Each structure stands twice: as structure tokens, then as C-alpha cells.
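Labels A, B and C are assigned to the chains in the order they are written; within every chain, residues are numbered from 1.
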Amino acid sequence: METIHLKKHIEPDLTFTQWFKNVYGAVKTTAIGMGITFKYVWGRDVVTIEYPEVREELPSNSRSRLFNDAENCISCLQCAVACPVDCIYIAAVKRATDAPKIKTKDGTPIRLDLKQYTIDTALCCYCGLCTTVCPTECLTHTTDYEFASYTLAAMKYDYLAPEIRAWRTRIVKA
Amino acid sequence: MHNLIADYLNKVVSGCSAKVNEVSIGDKSITIDSSFVLEVCRALKTSSEFEFNVLQVITGTDYPDRIEISYILASFTKNLELILKANLPRGDKSNLPKINSVVSVWSAANFQERETYDMIGVDFLGHPDLRRILCPYDWDGHPLRRDYVVQEKYLDMVVNPPEKNNTDDQLFGKRLKEQLGDPKKVSASWKDSSASEESEAKDGE
Amino acid sequence: MSSHTNTNENKIILGDQEVLKSDLLTLNMGPQHPATHGVLRVEIKTDSEIVVDAIPHLGYLHRCFEKHAENVDYRGVIPFVDRMDYLAAMSMEWGYALAVEKMLGTEVPKRAEYIRILVAELQRIASHLVFFGTYGIDLGAFTVFLYCFEDREEILRLFEELSGARMLYNYIWIGGVWNDITDDQLARVAKFVDRFEGELHKYNNLVGENKIFIGRTANVGIITREQALDYGATGPVLRGSGVKNDLRKDRTYGMYDKFEFDIPVGSGEKGTTGDCWDRYNVRIREMFESVKIIRQVLAGIEEGPVMGKVPKIIKVPAGEIYMRTECPRGELGYHLISDGGKTPYRLKVKSSCFTHVSLLPAIAPGQMVADLVASIGSIDIVLGEVDR
């Protein structure tokens, strides 16, 4: 047989006046609270939005869906190195010396041909470290936030595929 | 301040061989003999001069030759902070390194020692309830050891199943190299264990 | 597991009376339970309504942060740090950035220091508002939850404009902050702070002074001063127990030494020192103090760069450091050990919530089950930080 001792806070015995004070306090403080809530009935603007009908515009530096403009990418691998979860896969091949010289939008010469640029956004943690190191600013976070999909495979974005390149006109702001 | 504490410890607990680790950057610490931990902690708590009344954290670090247990103590009355260290042999799975528990000094040590046992694999002698705390109770191995290998199967579930590993994407660059027959022409982001790719990743930085 | 397994043989004495003996019932509260604020499982043994024993089981949200940190570079740790206490990500980042900056010897520009204090205090308000709202829900007051989230939304919207994310900011970087704050945003903060102070008085009248709320929280879940120190409690839990301890004053970091503010301490106004109401009250008064600090930041902020000089590849010199900062939920400590490489050799996090969970077995016995809910709510744990 074992005895378990439990501590308990012992309230002092209630006097008659104390009982009335308690009742008064309960009624008074509840009335104050009800008064505060009652003020919210009128004269308040609606703070929520009806989502699918009304869509919120995110701030311009919002970190949502990633987009890589593959034409401006110089395959420097800096984004892949900076990525803390290693979800960026890049492979590039050196351009032949006699191939026509191409440049990015800001004038950096492209010396490598991009063969693979895949980001597994199911792994991505949207930290933004890859976009800050990008020297040509081709990898950007866009403000596009509705991209739920049914399969994990659909979360893998191959930015060299034509259908994903086609997003450019839709989600990249000037 | 650290020298004063070390002198005090050497005086009160004979044989604890308290030694101050002088550093140029970061925090100083005091190393003691691991078999005197309980006595040293009690002496630090009861001393009127330092009054280390709070145990902040107990943590272990796995070095190639030893396991270092750090007790980080604080005194809220004297506004002091101290890192106390004890070195243990690394031991192995069947023979975990042992050290005395300090739960009798600070109750805070209870969860902290359980976590250190779970993560580093140190047996705290005299702990009232030494179970794993963050890993499942039937987990195998101690994850924060440097030589830890993840178990392949846990309760009939495959740990890290290959279909979730994006192996195709990771090996794309390697296959491209094999295809072209000239590894110098290809640069790929995925770091393989082979040395050549390691150097390329450095170029990328 | 516990010593009281032989249930039928026990005799239970509550206070000074023996309670009607019945079989002990083992009950799992959690991992999916609305009152545990995440995935905490508390195995409670009850004799009718009275809790005899409570054993917390952790680890349902364990994401191996410390192991990850050994494998990513110093900048890459910050996104992981965010995910520990997702309700106060700014404060988490600041502690880590301070630890690395101290080791590197980096000078942080003045403006960045001001912005850091501004966002950390706003974050403290946002985090305490979540506590306030969810604590109301725990005790059956739903209205205040909606009011709190409306105000929190304004803070989150500002953070979203600053950093680009709503909760996991990655905003405080080693050496400074990511983006500069515009005058327009500062004006918005000033406007918010003015409005918020009045609103907070209103909320406190609605909940904190309410007789029913006091009845649910006063004299419940008492953590004595000795217990709090013995278990290593920090932050509002320690201050609620009557210990005046705040790292912003005691071991000042950033520029907190230049700011005027008080440290609220629980005094047992409505019951006993260290009860749930004291902890609640300390948090409410802390929000007023944060408002004070924010006003001083707005008055004193200077022009200038927001990023200090940091090498492109951060290599911290070999050594170790233990950096403590005052987060909304208590002290956060980073024990960083470096071997001179590109990644930390070991990064141990001292999480305040973890130590606060260890208080549960000490305060739970003798309470009603409903009071246990009030106790868990009042120590305000975030399971992301408990399990890391």
C-alpha cells in the first residue's frame, strides 16, 4: 500500500459579505466585457476577405513560387551551393569555342550550356538564399502563391521544359 | 573570474583538477575530472561566492577521441555564467561512457540528461528515469555521434525510401559526364563523394 | 515508467483530506489535442477528476535541427533556426546571428541594430498575442482570439513586406538585416503602436480582469520561486514566479542598454505568486513595455547601411561561445562550437520551452484535468522549439 500526497491550494472559508462581493464582481466584470464585445457589433470594417473571389496581392518581394529564367542563367551553381536543403539540381556543359557568343540580359557572357535546371519545390523551404546570390538575377521568387498539385512529381519544376518556361509571361513582373 | 572559480573548486573538491581553458575568441570554460562532477556541481551551487543556482543546459559534443560533456550554469543572483566541461572516453554501443547524474543538485538536469543520453549516448548514473526523449523509445543508435548511421528499417518502415530521394536528378550530371566522356566539360551541382566533383563545387562558389 | 503502477493499492491524500479511492485511470492527452498547443503528449493518471501524475512525452516534431546544422554553412542555418519557434522566428534568428557575429568580430551598423530591436519587440507582441488568444480559447473565451489575431495580422503584414515571408522570415542575417525599412513602414508601425496600446487595455479588461477568468487562473498551477529556479525556468515563467531576471537588462545585448523599460514581475495580485494569472499578467505587461521600446526605436532610428562587412564564405574561427538572448518564451541559448570550417562543428540550442515542459510533472499532481489545461497554456510552449 502506497500513499500519494498531493498538494492542494486551500481557499479560506467564504464569509457572507465576501460571497456578495464575489457575485458583484462577477456581474460587473462580465458586464464590462460584454460592453467591449458589443461595440464590435456596429461600426467595424470587415477584416477578412472572401478568398477565391477576392485575391490578395502579395508584396512585391514576397517569397513564393520560384522561377528561373533559363535564358539568362550562366550556370554558376551559386544557388545550388547556397541552398540549405539541396533541392536545386543543375548540370551544364561547356560551350564549344567556335559556337556563337551569347550574352544574358545584363551583358554577362554565357560560357556554359544549361542541360538541367530542376528545383524540387516539395523540398524547397522558400528561404530566399538562392535568389540573393544569383549574379544575373534570373532566379527569382515570384508572387504567385497558388500552386498546389496532386502529386509529388508535379512539384518538381524543370525550368528548361517549354510549358514551365511559358509561365514567364504570367508570373514574372517587369 | 574563471581563475577564481577554478581555485575555489580545487580547494573545496580535492582531486577534481579544475583547469581553465584560456581562449582568444569566444567563451572561456573550466575542465574538470569527470568522476567529480556531482561534487563539483554541488560545491558550485552551495558556494556563497558564486551561487550557480540555475542549470541552463547539459550538452555533449562528439570529438574523434573523446566525448565532451558541457554543463552550462548560470547564477541569477550574481549574474554569472560558466561552461563546465568533463571529458569521457567515446565507448561503444554496448558500453556507453558513464558519468554521475546531477539531478539531485538541479531538477532541470532531468530532461537535459535524458536528451544528452538520447542524442550523444552517455549513461548518467543515478538518473531516476533515463529514457530516450526526442527519438522514439525503441530507436537505435545515438544520432549526434559523428559515426552515426541511420537504421535501414524502423518498425517495418523503410527509412529514406529511394523513391523519395530524387536520385535521377542528382545523378543527371554524372550521367552527362559519362555520355560526353570528358568530365572536365561538365559542371554539375550535386556533390558526389568523388574528389573531382568536390573541386568543381568549389569553383561554383 | 512511473512508480505508481500498482493502482488499486494506493491511498491518495489531497491537501489534508483523503479522497474517495477509485482506480487510477491512465489518459493520453495529445499528441493531437487542442489544449496542448501542438503535438505534446501528456500521459496523465487521474483519480476521477484529480491528476495524480503527468508524464510528458516529446519528440513528435523532432526535425534533427542540431544534426542538420552540422551539415549546412553558417548562412544556411538561419532558415532552420526560423522553424524552431515559428511564432517568434525573428528572436530565434537574432540569437544565432549574435553568436556568429561575436565569434567573427563583425560590426553591425547602427541602423541594423535599431531595426533588429524593432522587429524583435514587434515579434514579442505578436507572439504574446498568440498566447493571449489561445489561452482564452483554452479557458473557454473565444472572442479575444479573434481580436488578437487581427492585431497580429498587422505585424505579420509588415514583416511580410520587410522580408517576403509571413512567419519564417530569414530576415536577420549575420552582419545585419536583409532589407532596409522604409519611412512609410516606420510611420505605419508608429500608427499601429498608438492604436494597439488602447486595444490592449481593452483586451485586458475583457479577459484579465474578468471574474470567471480569475477564478480559472488564480491559485492554479503555482510554480514557486524555488521550483522555478530549480527547474531552470526562464522568461515570463520565471518572472511570474517573482524573480526579477531579464537578459535584456542583466546581460544586455544589441542596443538594449540604451533603452528605458521596466521588467514586470508577478506579485500574486489575484492569488499566490507564481500562479497562472501571474504569468498571464507578466506577458500582458511585457507587451506594454515592448510598446515603450518601439516608441524609443522610432524616435532614435538613424540613417545608414543595414549590412555590415561579412566575408562571402563565412568561416568562424575555432572556439566556442554560449550566447543567450531573451525571447518571448524565455531564454534562448546557442552553444556554438566551431573547428574553423565552413559549417558549425556543433550547435546546441538551449530551448526555454524544453525546460518549461519539464516543470509539468512537478505542478500537475493535485490539479483538476481542466486546470492542467490552464497550466499547460500558461507556460506557453511551442512544440517546434521543444523538439527542435
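Going forward, contacts are C-beta pairs under 8 Å (C-beta built on N, C-alpha and C of every residue); 3 or more make two chains touch, one makes a residue touch a chain.
For clarity, every value in this text was computed on a predicted model and none was experimentally measured.
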Margin query: Closest chain to the protein's overall Cα mean, using per-chain Cα means, please.
Written below: C
Notebook entry, point to check: Between B-C and A-B, which chain pair is linked by more C-beta pairs in contact?
Noted result: B-C
Check: With chain centres defined as C-alpha means, what is the inter-centre distance between subunit B and subunit C in Å?
Finding: 24
Check: Using the average of all C-alpha atoms in each chain as its centre, how far is it in Å between subunit A and subunit B?
Finding: 32
Next item on the list: Two or more other chains in contact with one residue: find those residues in subunit B.
Entry: 205
Item checked: Sequence positions of subunit A contacting 2 or more other chains -> none
Next item on the list: Hunt down the residues of subunit C that sit against at least two other chains at once, touch-wise.
Entry: none
Margin query: Applying the document's contact rule, which stretches of subunit C touch subunit B when the two form their complex?
Written below: 1, 58-59, 62, 64, 66-67, 102-103, 105, 229-232, 243, 245, 250-251, 312-313, 317-322, 324, 331, 333, 335, 337, 345-346, 348, 350, 354-355, 357-358, 362, 387-388
Note to self: So in the complex, the part of subunit B that touches subunit C is made up of which residues?
What the structure shows: 23-27, 29, 53-57, 59, 61-62, 70, 72, 76, 79, 81, 83, 106-108, 110-112, 115, 119, 129, 132-136, 143-144, 205
Margin query: Quick check on the complex: what are the subunit B residues that touch subunit A?
Written below: 164, 166, 169-170, 172-173, 176, 180, 184-190, 201, 203-205
Check: Considering the complex alone, what residue numbers of subunit C touch subunit A?
Finding: 3-4, 6, 9-16, 50, 52, 72-73, 75-80, 82-83, 143, 150, 153, 160-161, 163-165, 168, 170, 178-179, 202, 205-207, 209-212, 219-220, 222, 272, 365-366
Margin query: Show me the residue ranges of subunit A that touch subunit C in the complex, using the header's touch definition.
Written below: 1-11, 22, 25-26, 28-30, 32-33, 36-37, 47, 58-59, 61-63, 82-84, 125-129, 132, 141
